[in-house]
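After this come two complexes, each holding chain A, first together with chain B and then together with chain C.
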Partner chain A sequence: MLAQEPLTILIAEDSAADRLLLSTIVRRQGHEVLTAANGAEAVDLFRRQQPDLVLMDALMPVMDGFEAARQIKALAGEMLVPIIFLTSLTESEALARCLEAGGDDFLAKPYNQVILAAKIKAMDRLRRLQATVLQQRDLIAKHHDYLLNEQRVAKAVFDKVAHSGCLSAPNIRYLQSPYALFNGDLLLAAYTPAGDMHVLLGDFTGHGLPAAVGAMPLAEVFYGMTAKGYGLAETLREMNAKLKRILPVDMFCCATLLCLSFQRRSVEVWNGGMPDGYLHRIATGERVPLAARHLPLGVLSAQAFDDRTEVHPMAVGDRVFLLSDGVIDTSDASDQLFGVERLQQVFAANREPDRLFEDIEQALRDFRGEARDDVSMVEVSLLEPAQVKPSAPVYSDSGQSCPLDWSVSFEFRGATLKRFNPLPYLLQLLLEVHGLRAQSGALYSVLAELYSNALEHGVLGLDSSLKRDAAGFARYYQQRNDRLEALQDGFVRVHLQVQPQGEGGRLVIRVEDSGKGFDVARVMERPLDGVRLSGRGVSLIRQLGRNASWSDEGRSARVEFSWGVEA
Partner chain B sequence: MSVVTEVSPDGQKLTISVRGRFDFGRHQEFRESYEHLAKRPESIVVDLKEATYLDSSALGMLLLLRDHAGGDSSDVRVVNSNSDVRKILAISNFDKLFDIS
Partner chain C sequence: MTDTHIDRETLSVLREVMEEGYPELLDTFLTDSESRLGELQKTSDAKVLSEVAHSFKGSASNMGAVRLAALCQELESDAKDKSPAEIVKLVAEISGEFAEVRPVYESEKHPAHTH
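For the complex of A and B:
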């Protein structure tokens, strides 16, 4: 057995003979001894020398042992300083008083040395146990504070990145726990140069810091590529490749990515591993499920990754609702999941569309009693294009090197058309011309329409009248995917010409394709509306660009942009 | 034990059965069930007959197993999943990577 560590023991005893006797016994057992002749002296000594243990006579002059015990316990605070009462009292009531005053044990006079030694040893064990518990508690508290502080800093940095987007746009409502990031949930939104809106709701595997580390690179890719005008497919391929490269095998990110187009009144969707989202058509009350058709991001190699999206037509006021698995995987006490059926019951019972989140939260509380901390929901509605106010991009160059007299031609052939989107490059090139920057949105929209007309109606020979109704709309995009996959030859040529004109300048865009052309006269007869699902592209080009014209039986389109005095 | 391993007499087939909740708590056991085999099995069967629930970290564990077994050239089957588990596998589109029945 290990020798006991020597303790400092305070002996409070008014009888000098007893004090001497007890001191001798305790010293012989190897401890330091402090002595006091009454309670007041004991308290004073305790305050000055902090002994480890106290042997306290109950009845003493000036201050009795009960009061001294109370004061010493108060001074000791959370530390356990065992007090053993020395007493000749025998009535149980008096003994109970000793314990009530804060005593931990008592020893009857006359003293038995063996029992005294055993009690000191037992009390020392308790004292050390308490000290260890306190030390560990403080350590845990310190680590916890440290962790919270780290999370707070990480979240502050991340919020700067995540909120550089447009989550505060008037058509977005969302609900996320403040520390959703550390549950792996991620919500991003940003405008494209054409004024479309990209939205991503993602859910990384796992919890805590490992779940949060992938969020930063994903957000960087999302914002960088959206701002440059890349479409969903290119952005998805890049996000997948990046996550595949940096994450360990067992980590990935389930995600739904949306492109909401206010001009085209449509939503393009890619869902990899997230629960069904819903397109809520307000006119009919129908909720079209947006189901997961793909593996999550970061699982497949770049070669095997599938970037195919679905496109659905929308009407102004229609809403797209996305949610994380925290909602449907909430389980009750008997491990039963909330599930999709209960979610749909909430949909059915929902009377006020604006209170959908609250209804779902209430249903989760009713189901489980408490909400999970990884519930994320977002709802995006389609507005009139005029109600959308994308913030103007910020340019950081000096403006001294603006090129004003040049032209360039590209020819994009079959294999390139399949996968490559030239629009971001073309736009970047054109935005070197400062006079065009003020109209970058219109410029991008017109370029995008000219290019997709040339590709879809020209090279791929798709019939835009298919897009008359919702079913045809889906069929159109299915055909687009299939024909693009099978594409062998064909081309789209883009000619850009920039010339100075007085104080300003002029850009001429010509886009040619290898398709069959179309009946220009008939299309130009149509009024410049924008309500039909089909053929909106041509009317958009005519409204946004100057002197739009078609030649070579519709195979060649020409549009002008001009600007006045350089900004 | 909530993860039980069985190797066929010829050592060709490894069967891993998971009981109860298949989540991060099973991480260690699940990895050990295939990492310390003397001989690499030709095929692996993950039996989820008695698994009640499966979360995204379990999906990650399945990916690790697949990777360990040779990635695209691996033969990993996931069998006997109940309807809740099957829904989770379906949402994640894991049928594109695993033979699920």
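For the complex of A and C:
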């Protein structure tokens, strides 16, 4: 008789004849019937048996249908239990009361079984619809919780990796939404063994987990290579190659990578596809744009990738400011972009450099009315070297195999000098000697300085006095790139000698080059604490190493490191 | 018996719907109606009169007792405005109408009844 699943239907009706008639009709339509003679009985039956639908007389003794309907609706909660009022009420006010009490429909006396069947069917459809909506809502909520939980776990794991760096260093200020990672924004910072600071602000294409997956390998390369003493060029090449290998073609990472050198008072910059960063010279108020000169990481093949960087001199207190495109691409109600000009107006209006972030945020709010959650900003300032306290590296080996009596010599020739940085290998080798670990920073700084002196002033014949002023500084690094590119001959030799000495030991480093040498006596006359941009290398070496000396007209440098009883 | 009192069409639908339960329905209606009549005759409270008349009207209309339903409807809607004398008169009319239709329902209880 019907293509409908049988329902359990509660009939609440005080008139025995009507109750008998209605239950017979409903039962013949294939449903289970529960009967109640008043409202109180109906509520009680509902509580015990949870019927699917209720046919409710309005006027009944003990508890009327209105009150019973209210209680049943409350008991049903979110589930839709349709209530059809049985009534010969004719006044519209009384009919309205039925609906107010939670009734969903009416059935007038005398009963018509065709209409009753149609109404039960229609109400059953509504009931199922509501059940489906609830089920899907719960499912969506479950998926949402699941997703949030995944993001929490991913974030927790990632925070461990990301915060292994030095974002909490006193010269770094940054602003990122807690879930910036899932907007593809990435901020990393770490000290190099020489005490320089590498900072990366990256922005992966896309949103959500897909945007976050590339962050892990990128962070690993960044931290791993920075800790081992690799420079920006090698680190960039490795990051690019890794992302190119693992990311799908439509995914890449815009990034700005900085190397802030407190010793040399300079910043080295590579910008691939990020908005202009700014070097803020506090003395003049000038803001030097650090523009994108490269394609993002993960786009070009290893052969085509360009790792050329720019170097700018800095004074103590100068700041480098980087930002994500969330700042300048913030759009207002009429889809107008915030843009670089407005950003520069904020710069111009900024009175307190320490409140720059707040000023920018305020400007964004004024512009848009609400802040985007993918705004990342970071500001790094140059400190006096003495104010920088790189964290000590952690070594996990036992020390049983510490080598104490050996020597080794390397000769790096033209083609190798062009593209290979031997310093990380040399440092790794030397740090096998436990006594040297405590002074790894100084060791690396001296090695790096000796090597770059040999390469730049020796092999490439660059004049360090060029670096006297900012313009010359840029010219110096331009010449360095050009001459390195054209380099055919020449060599840098590195001799390392480790000997035991009493309870401790001694390392002698000698670095020779194929260049013209320099006037050693004149350079040595300079005071040790000179802060000019040029010639600082020699001064640094003399401060950090023992018995620094130059021979062979400056072509051969020699420095010692000693240590006592090991801790 | 003419159709001003009972809708014969309703009765035949009821017989078809109830099948073997039809006599029980008729008995229930008659018993129920007697107790409602008793209630109407016992009280002069307009609210009680109106409520009982409402229920009586509902089952009378379901059973095809159209004139009985109409009289109950009158009592339900006018109980509060009528004088005690008018109410007594109306209740007496309802009682008379029930007495009128009762034999029809009694005779309906027997099978193979034809019109």
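What we mean here is this: the second predicted complex is superposed on the first by the 564 of 567 C-alpha atoms of A that agree within 3 Å, B and C clash if a C-alpha of one lies under 4 Å from a C-alpha of the other, contacts with A are read in each partner's own complex, and residues count from 1 in each chain.
One rule holds in what follows: a contact is a pair of C-beta atoms (placed from the backbone, for glycine too) under 8 Å apart; a residue touches a chain by one contact, two chains touch by 3 or more.
Treat the numbers as computed from the prediction; the structure is a model and nothing was measured.
Trainee: Superposed on chain A, are chain B and chain C clashing or fitting side by side?
Mentor: Partners fit side by side after overlay.
Trainee: On chain A, which partner touches more residues: chain B or chain C?
Mentor: So, of the two partners, B touches more residues of chain A.
Trainee: What is the contact status of A:L59 with respect to chain B (first) and chain C (second): first, second, both, or neither?
Mentor: After superposing on A, A:L59 lies in contact with chain C but is clear of chain B.
Trainee: Looking at the overlay, does A:R28 come into contact with chain B only (first), chain C only (second), both, or neither?
Mentor: second
Trainee: Could you say whether A:M274 touches chain B, chain C, both of them, or neither, answering first, second, both or neither?
Mentor: Touch partner of A:M274: chain B, not chain C.
Trainee: Could you say whether A:A16 touches chain B, chain C, both of them, or neither, answering first, second, both or neither?
Mentor: In the superposed model, A:A16 contacts chain C only, not chain B.
Trainee: So in the superposed three-chain picture, is A:A292 touching just chain B, just chain C, both, or none of them (first/second/both/neither)?
Mentor: Once the two structures are laid over each other on A, A:A292 reaches chain B alone.
Trainee: Just how close are chain B and chain C at their nearest CA atoms in the overlay, in Å?
Mentor: Distance of closest C-alpha approach: 60 Å.
Trainee: Going by the contact rule at the top, pick out the chain A residues touching chain B in the complex.
Mentor: For chain A paired with chain B, touching residues are 184, 203, 205-206, 249-252, 254, 272-275, 292-296, 299, 325, 329, 331, 335, 337, 340.
Trainee: State the interface residues of chain A toward chain C in the complex, per the touch definition above.
Mentor: These residues of chain A touch chain C: 14-18, 20-21, 24-25, 28, 57, 59, 88, 109-111, 113.
Trainee: Which bits of chain C are touching chain A when the two form their complex?
Mentor: 10, 14, 17-18, 21, 24-25, 28-29, 31-32, 51, 54-55, 57-59, 61-64
Trainee: For a test of understanding, state which residues of chain B touch chain A in their complex under the given definition.
Mentor: Against chain A, chain B makes touches at 21, 24, 52-53, 55-57, 59-61, 63-64, 67, 84, 87, 90-94, 96-97.
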